[in-house]
C-alpha cells in the first residue's frame, strides 16, 4: 500500500501521559523512576495549571536497555508511583501503530490530504477503512486502496446503522475516528464508545458560528478573518475540547463561495495537524480543555 | 502640542465615497466627470457586490487645477452624476482635519497608543478632548496636554450625563468618537447622534465572546487563538459593522491574566488601524457590513 | 479521469490583462469599449504605480451577447484602444483550459496537493504529464492516472535531456510548468522558452535562505519564523518575481527535521495558491515584481 | 513618575537560568534541591537540544519559607549542584528591578510604546535615562519625565562619546540597553561591555534585508510579506541571536512609504515583546541562538 518510503525510522520508545493533583516532587519522582531503571528520556514536557492545581506531564524514553519488561511497565508504574500520587495515566508504545477510521460525506479535500500523508508515510498510522453516508468519495478510496463502506444514514435508520458502524470499528480494531468533513451528527451513544477518540474539523473559528453553514454566517456578519477548528467530539455539538485552530484574512470582496474555497485549505491543514498531535500522543484532556504539548 | 513633525506633507485633495445600485458605466461616468474637469486622480478603488447588486467606489483627486470650485463640487456632482444614478455619496477634503473625541475608563494602553500617534503626527486628526467615567487616566491626558472631562456615569444619571456629553461633543465640533476600552454601554439615543461615527474595540474575536469578560470566556472554552475586533457602534451591543480584526495564538499555558496581557497588544493595534482607515475615509457601511478599501 | 464533479460551473467569459504608461482616462476608455459592445463586466480591478507611472488592469466580461466575435476581440482591441495607449495586453478565454506540466523529484507533498485539487475539479486545468529526474513518484502519477516521464538529468546530459523535455512540452501543448519541489536547476535556455510561465516553490522566506538547504540555514541562524515562497522562474536562481509567500512560527525546540515537516504544509499551500492565481489570470509581471489582483 | 498603578503585585521569587551538558537526572537533581529546601516551584520549563547535547532550564520558586538565605543561594547552588554538572547558571531575584537605558534617534514609535508600558506599570523595570544622537525626541523624554542625554555621535568622535556613554551607563547602574530605532552602529568595544544585554529592533525579517533601508529593499524585491526582528547585538551587524520576529502581509499596492508605516506597528510590538521576555529572564543564549521559554 505505501508506495513511498516512510520518512522517519521508527524508534522503539514508550510514552507516558499523566495528570494528577499537583504537589511537590512529582516531576522528580517520575524522572527518577525512569533514570533508575535505565530509561533514556528523549522527550519531557510538563505543565502545572496553578489555578486548578493539576500537574500534567508527557515523557518519552527509549525501551532499549530499560530494566522493566515491556509488558510490566504499566503494572510497576501504577504500584510504585501512580497509586500514591492519584495519577490518571496512559502508557503508549511507539511500535503499536494506531488504527484510524475516516468518516466522510461528499467533500474530498480533507480526505485527500490525510490519504496523501498516509501514503507518503508522513504518519505512523494504519487506515483500514473509510465510512461514508454517500458513495461520492468511493473513487478516492479505491484510488488509494482503502476499504470503503457506505452507510446511508437517515434520521430513521441512524440508531441501527451506527450500531453496525460500531461493530465494524471494533472488528477492525480501530483506535480512533477522524471526521473529515462528515456532515452528520453522531449520536451521544456513538460518541460515548470513543471518548476523546473522535476528531472533528469544524469550518469556523469556534465558538463563533457553531452549527450549520458557518461560512454563510461569517459572510452575513461581515467578519474580516475566517477560521477552522479541530476538536474532540462530545455529545454537545461543536462544543468539545479544542485541539487546534487557524485563521486566514478575508474582506468585503469575498463572497460566500470564496470563503468556502479559502476555508478548504484551512480545514485540511488544521485537521491534519490535530490528527498528527493525536498520533504523537501529545494531547491530554481535562474538563473540556486540552493540554497540547509541543 | 505636536512636538514631533508630521511625517507626511498634506496634499490638497478631495475624496468621494459612493455607493449605489450597480449598472453599466458608473465607473466610466465618474472618472470622466473628474477627467473632463481636470481632476488628477491619485487613488481609485471600486467594488461590486454582485449578489446585492451594489456598486462601491472611493476616488481621490488633486484639487489644484480642478475646474469646479471647492465649495461647488458637491452641488455639481449631485446634479450632473449622482442624482440620475441614485447615488449615496459623501465628499471629503483632506485639508479639513477631522476632530476626534476619546472615551476611556481605566485601562491606558489604547489611549497611549492613540496619543502617541497623534503627538508624533502619524495621523491627520485633532483630539480636542478625552471623556472618562473615571479619573484614573487624567494624568495621561495631562501629560499629552489634552483636555480631560470626568463624567461618573451610573445607571441612574446616565441619561443626564450623556446629554451633557453630547453637548460638549457638539460644542467642540467633534466628528467622531473612539471608545478606547470605555467600559460603559452607550445608550441607543447617544449612538443615534453619531451613526457610523463611534468606533469601539472589543477584546475578542467577534462574534465569539461578545459582552463582558471575553478573556475569561476564551480561557474557559480553551481556544487556541484569541482576537480583537474594532467595529462601529450600533444600538446592538458588540454587533455593529466590523472594521478590523486580528488574532494571536495562545495555549494551555496561558492563564486568564496572560490572555489579558497578550490581548492588550492586539487591542491597541486593531483599534488604531480602524481609526486610521476611518481617518483616511476608506470605509463604507452597507447593511451592517463594511467595505474597507486598501 | 475526474471522478469528482467540478465544483464550479464554467462561465463563458473573456479576461484582459493590461499594463501601459499611466495617463488620464485609460480606465474609462477600456470600460466604455466593453460597455458599448454590450460586454457585461463581472470583474474589474486596476492599480496605478504612481512612482513608475504604470497603469495595470484586469477586467473580465461575459461573452454572451458581446458584439465583437470571439476571434476578433484581440484585433479590435489592439486597433481601437491598445495601440494608441502603448498597451501591453493579453487576452484569455475561460473556455480555453490551460495545460500544465508538473516537474517533481522525490518529495510527494506538493504533487499530492496539486493532483488532489485537479482530481476534485477545484481548478480549471489539464495536467497531461509529470516529468521527474527520479522514478520515486511514478506510483503517485499512476494512482492519479497521469503520464509520467523519467528524465534522469545529470550535469553531463542536461542540455540534451532538457531539449527532449521542451519537445514533449511543445508536443503536449503545455501552457505553463509547475516545479513541485523539483530539485534541479533549469538552464537559462529552458527558462527562456517559458517566460513567466514556470512557477517554483522555494522552501524559505525569500530573499532569506536562497539556494540549497534553507531549513538547515534557518535552524543555524535561529529564526523564529520560517516561510515558503512561490515565484516565477528566471535565469537567476530563486530571484524571479514573487507570487505568494507564507510563514509559520518556530522556536528553539524545532530541530531541522521538525522545520522540514512544518515547512511541507506551507510549501504545498503556497504553491497551490500561486498556481490558482496563475490559472485565474490574476498575475501581471513588471520589472521582476508581480501585480497579483484579488 | 508612575501615575498609573502597576497591574501586578510583586511576588518575592528567585529565578535560575541554567545550561549545561545533558546527562541523566539533571532535572531531578535541581528540583530535588529546591523541594528539599522548601522552595515552592511556581514555574519550571526545560529543553534538551539533543543534537548539541545541551540541557536548558528555567525554574522560579518562592523565597518565602525557602531554607537557604537570599544571599547564600548562589554559593550553595554552585557548591552542591552546579559545579559537578558543569553548569552555566544565572540567578535572579524578582525584587531586584532591572535598570534599562533607551537609545533612540529620530523616530518616536518604539520610544512611545516602551514609555507607555513603563508608565502604565506593565513592566517591572526602571528607565533612568534615554540617550540619543539627535535632540528630536527630547520633548517625548520630558513629557514622560525621563532624563535625556544628547550625544551627537559622528565617525570622528564615536570612540570618545561611546566612552562617555559607557561611563554614564555604569554610573546609573544600567543592566541592559534597548536600541529603540537607534540609527547608529555601536562599536565592537561598546558591545563587549554588554554581552547579550543590548536589544535591537531591525526593520526586516532577518536574515533578509540586513543593513540599511530594508523597506526599500523589500519593495524592490517585491516581497508579499514584511517583517521585523529583535535580537541581541553582537559585533556582527544585524547578525546577533534572534529573540522575536513577526510579519505582516503587503502587496503590489504598498509603496515604500506604506511599508514603512505598516512596519512601524510591527517594530514596536516585536521590540516590546523581546524586552518583556528579557525582563522576565526567559531568554538563554547559546552559540548565537536563543532559547526563549514560554
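Note that the chains take the letters A, B, C and D in the order they are written out, and that residue 1 is the start of every chain.
We adopt the following convention: a residue touches a chain if its C-beta (ideal position, glycine included) is under 8 Å from a C-beta of that chain, and two chains touch if they have at least 3 such contacts.
Not measured: the values here are computed from a predicted model.
*Asks:* How many degrees of rotation carry the C-alpha atoms of subunit A onto those of subunit D, rounded to the nearest 5?
*Replies:* Subunit A sits rotated relative to subunit D by 180 degrees.
*Asks:* Where centres are the averaged C-alpha coordinates, which chain has the largest centre distance to subunit B?
*Replies:* Max centre-to-centre separation from subunit B belongs to A.
*Asks:* Where the centres are mean C-alpha positions, what is the separation of subunit B from subunit D, in Å?
*Replies:* Taking the average C-alpha coordinate of subunit B and of subunit D, the gap between them is 35 Å.
*Asks:* Cα centroid separation between subunit C and subunit D, in whole Å?
*Replies:* Using C-alpha averages as centres, the distance is 42 Å.
*Asks:* Can you list the subunit C residues in contact with two or more other chains?
*Replies:* 50, 251, 253
*Asks:* Can you tell me which positions in subunit B touch subunit D when the two form their complex?
*Replies:* 3-4, 8, 108-109, 112-113, 116, 119-120, 122, 136-137, 139-140, 143-144, 251, 253, 257, 261, 264-265, 269, 272-273, 294
*Asks:* What part of subunit A is in contact with subunit D in the complex they form?
*Replies:* 24-25, 27-28, 31-32, 35, 40-42, 44, 46, 48, 50, 249
*Asks:* In the complex formed with subunit A, which residues of subunit B make contact?
*Replies:* On the subunit B side, the touching residues are 47, 49-51, 56, 205-209, 221-225, 227, 241-247, 251-253, 255, 288-292.
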